[in-house]
């Protein structure tokens, strides 16, 4: 069992991490960090627990510590980070320098050339960017990122289509409120409403997807050449990002071929990777957030509604934004880091 | 005052028509039709009134009649139709043949070459297709249509952009539940959910928009050559369709030029046309359904979120789907028919 | 394994029954009935499956039969009924006469003196009313009912309080839309709204609770003498009925004593009965529908918010309305019928 | 025209006050206060305006000042306060001492014996408590309060019933999210959920209602002797508090008599008082928040669902919580203060 720590353990993604990590076949929760206010308190007291299952008994009594190298035991080699990005930007490099391997969901540093941005089923080879990172930064530890939730939702389906030569992607998202954290969207903002803008999200989708599908030659990652245009909307759903995608490819691809490519796209041999990575629906009105977000314990992506357009195809895809799109993504990256010998 | 009738007066759009027509400066409600079950009953009894204002007193006691030429008084020259499309397909031609002028919201016959499909601020000249219609069908009356609600929402903004030469349009809709009628979407379907498919809606948007922006040479309407790809989603909002649009034009257009073209697009000199036809927001997170659907008494369209893409622009637009997108659209077409001397 | 049948298997409660019965330690689904339209079709085709888990593979291919004695195999002794009450009223007696034991969720016949109305943790001894039923009706089979969902939610908490001598109960319900069936509440009715009336529900709560807490002397059930006044509201939640209760008792009871009585109230030794029957929350803002409806796999009841009033106590309680309040209630009654030797 | 000021003008109730006061027949907005951060900025910049109508042009450019006597012009005799209660507790007495008449919606000081708590249609005579207040406190100005939103909703109906001698009231509320302010309820808390507890609200309803219906003998207010037990729930509605009430009276009252007493209860001769104060519905499923909250421009109360119980009656009532229950209540009290010569 690898002893692991959770950075930012009291937040919404932190709580999801605890749900996913207790129990876990290979990991054991050994440290929980939060802001200085919470340090010294047992977790049950530090966190306002809002999940629909109780706090795991093992975790409830762990004493929360500050998010700093000195506060985290040395025998906890792997840290999962769900810190606010400004905090992450400050503390994650310090921790990596101090020798910890950090699998982070925070948005800082995702596009840094020497920081791998990874979905294990899509670009596991990018993990080796860590060699460049260690060379350049002189770190004993490492910092690896997963992409943002709306990017994770569509990228597996794009990876499956890339055998036809992706040239351009247009995507509209219908994102759940949990993506903004527990208090990110007020009820007055969103009941009987939708908000056609999520600050910074469009740009993340447009850049992170190109890095994920980019090629790594051992020295640097070349971004994928496709053109991506995203429009991001918040709607009154709790969990599950639904996305409408239009893709143009160099080679002609029919809706059936696109669906088949996705259904055949392999999963990864890791504990949290679902048996069926991309579930393809035949029903034109699926996937739907409430019905389909929990496929593969929330770690599967699903797709449906394939149609031909004049110069490509359109389809819809969906993933659970706080599991596959955040906490589960970090856990999976942690599993990959162990598998590849980085921990 | 023109005496008018409402076909399908007990349904959701029928109820909106009554709200918009009582009072109205030029029209007086003189006949209400519904299915045979309701015929003979006073309206207050025939309709399950669900609006958030009471039934107008004048209307409550009108005796509902069947939707048939024999049942509608001869001195009611103008009829507004919100019949189910299968009923409309059967009865609207009969009424037009019998001499009534029908301004219809029903989806049947919208793409028939000799049936004008009109938004008065966009293509008022198409009304003259009625001459062809009378020639060909030998009708004394006339049948004119407004487009479907999701098409009406985007088409004014496209009309404003067409001075730059529209080549392709990609659109994702976030549609309100009222678009499906009072009982069209169950609560179990849509609470904490979204449905990425609305049967037939994509095709309507793709064809109707090309007819609306098409050119009429006095003999026939040539569809606009632009390519349209639509993806339609139902979300948990009550009223107001929000749409994400990507447009490519022959001439380069900047986001500012696009916004300016929309803001400058003229309204029509008709009673129900709003002073400001297209309201342009500077805030990137507007328009929003609940906040902006009632602009111009629900008859304005609004737009915002303009951004450049690699080969065009993207923006968002919104309109009230049961006012501008349905009942109000029919009323406005009725006003145009009177103005142009067809009634 | 007891071979069982489900009457009305395509409806919302029917689908829940399938989820709860496949797999089940003692029962094996052997027959599914539905309306004549569906008879002859495989279940996967007959039902519009809307649950968030797929149809169990064993069940998908079962051929649906009509809801009639002749259509149901003789070696299926136990039937779970979720028929519309008008259908239930007609067909359930026929089936019981033909020798089947029917555990029914339908609302017909619940107050018939010789029909046991049972919550196994509350009044298991009422099952023996079946002897009276067989005597009087000459049936080989039997008909047993579970109460309606809003009654089931509060009755366990009242049973726990009855040691103090219940005299009067006032209850306001906040009921989920699933209680009305899949299409029972339209989205236009309930989004941004609440409906302070559910036809017949108040009367059911007021009478069924008195039967459940009534005493059975071997010959007949004497209704409990308490006075019950209910007010029933529909709100925009999917599952889980929340209820505010005020109870007056002969002996004074403090909030702490009430909470302790509920926490100590025993569960039943049946497969579907939860380990902890009534979960008592200390937090004043719990139970909440979304957070707490799945306690005990949806079979637990929860309570909280205990306060003293001038002449009694008030508190809140909650249960999952389609599991504990409907399908799960019938399954549990089936388990009791087997345990007691009626099947 | 009386020049008035709004204390806490940028908040949710402050924005409602602006909507209700511009235009207003007797009042002219002359001062807007907010926290020190906002002081010096034009209102359009200081406030994040979220109403569904634009900021009135007159108001948009007013320079916001601090909430302090020195900052408010002397020729602004009447102030409407929607300050957070902790701020109100500090600053309202200072303003009243300095000579301003303050009509306040803030919850501080509502139960102080020398502070009138008033609904003009219910207890206008309580305004004269201000004489006691001036005597005791030596103020040149005055401080008058309206009750909290859930209390305002039920109290008019109780006032109508009091002719039968109210003895006890049990009430369950279904409250809208706007009652907690714009950011008071997060979307994660309330979508597909309900919260059976609103801190302090039960106690407010139980005490404020007794003060409102209390008698004032010129020297002090004697609280009404009725017993009130409240249970407060937050549900996913935007505006409009719905309440289930059970009332016991000394004299027997039938449902019809109760309804008639409410329908006959008079309104007040003030500009913002609705023509029909209490609207009584015959339909058993009304009032409903979305359909009925805007009756009388949001200033009417409505009631329905009358039923006899064993020892009294039960019914439902509703009012718009941020208009009749907050901003409108303060405006109405301001009108009463002018009418009675206190301004």
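So that you can tell them apart, the chains are marked A, B, C and D in the order they are listed, and the count of residues begins at 1 in each.
Throughout what follows, a residue touches a chain if its C-beta (ideal position, glycine included) is under 8 Å from a C-beta of that chain, and two chains touch if they have at least 3 such contacts.
Source: prediction; values computed, not measured.
Student: Farthest chain from subunit A, comparing Cα centres?
Tutor: That would be chain D.
Student: Identify the chain pair with more contacting C-beta pairs: A-D or A-B.
Tutor: A-B
Student: What whole-number Å value describes the gap between the mean CA coordinates of subunit A and subunit B?
Tutor: It comes to 42 Å between the two C-alpha centres.
Student: With chain centres taken as the means of their Cα atoms, state the distance from subunit A to subunit D in Å.
Tutor: 47
Student: Among the residues of subunit A, pick out those that touch two or more other chains and give their numbers.
Tutor: 50, 191-192, 236-238, 290-291, in rising order.
Student: Which of the residues in subunit D come into contact with subunit C in the complex?
Tutor: 168, 170, 172, 174, 191-197, 202, 227, 229, 231, 233, 235-238, 242, 244, 246, 284-291, 304-305, 307, 309-311, 314, 316
Student: For the complex, give me every residue of subunit A touching subunit D.
Tutor: That would be residues 12, 50, 177-178, 182-192, 236-238 of subunit A.
Student: Which residues, counting only subunit B, touch subunit D once they are in their complex?
Tutor: For subunit B paired with subunit D, touching residues are 50, 52, 191-192, 290-292, 294.
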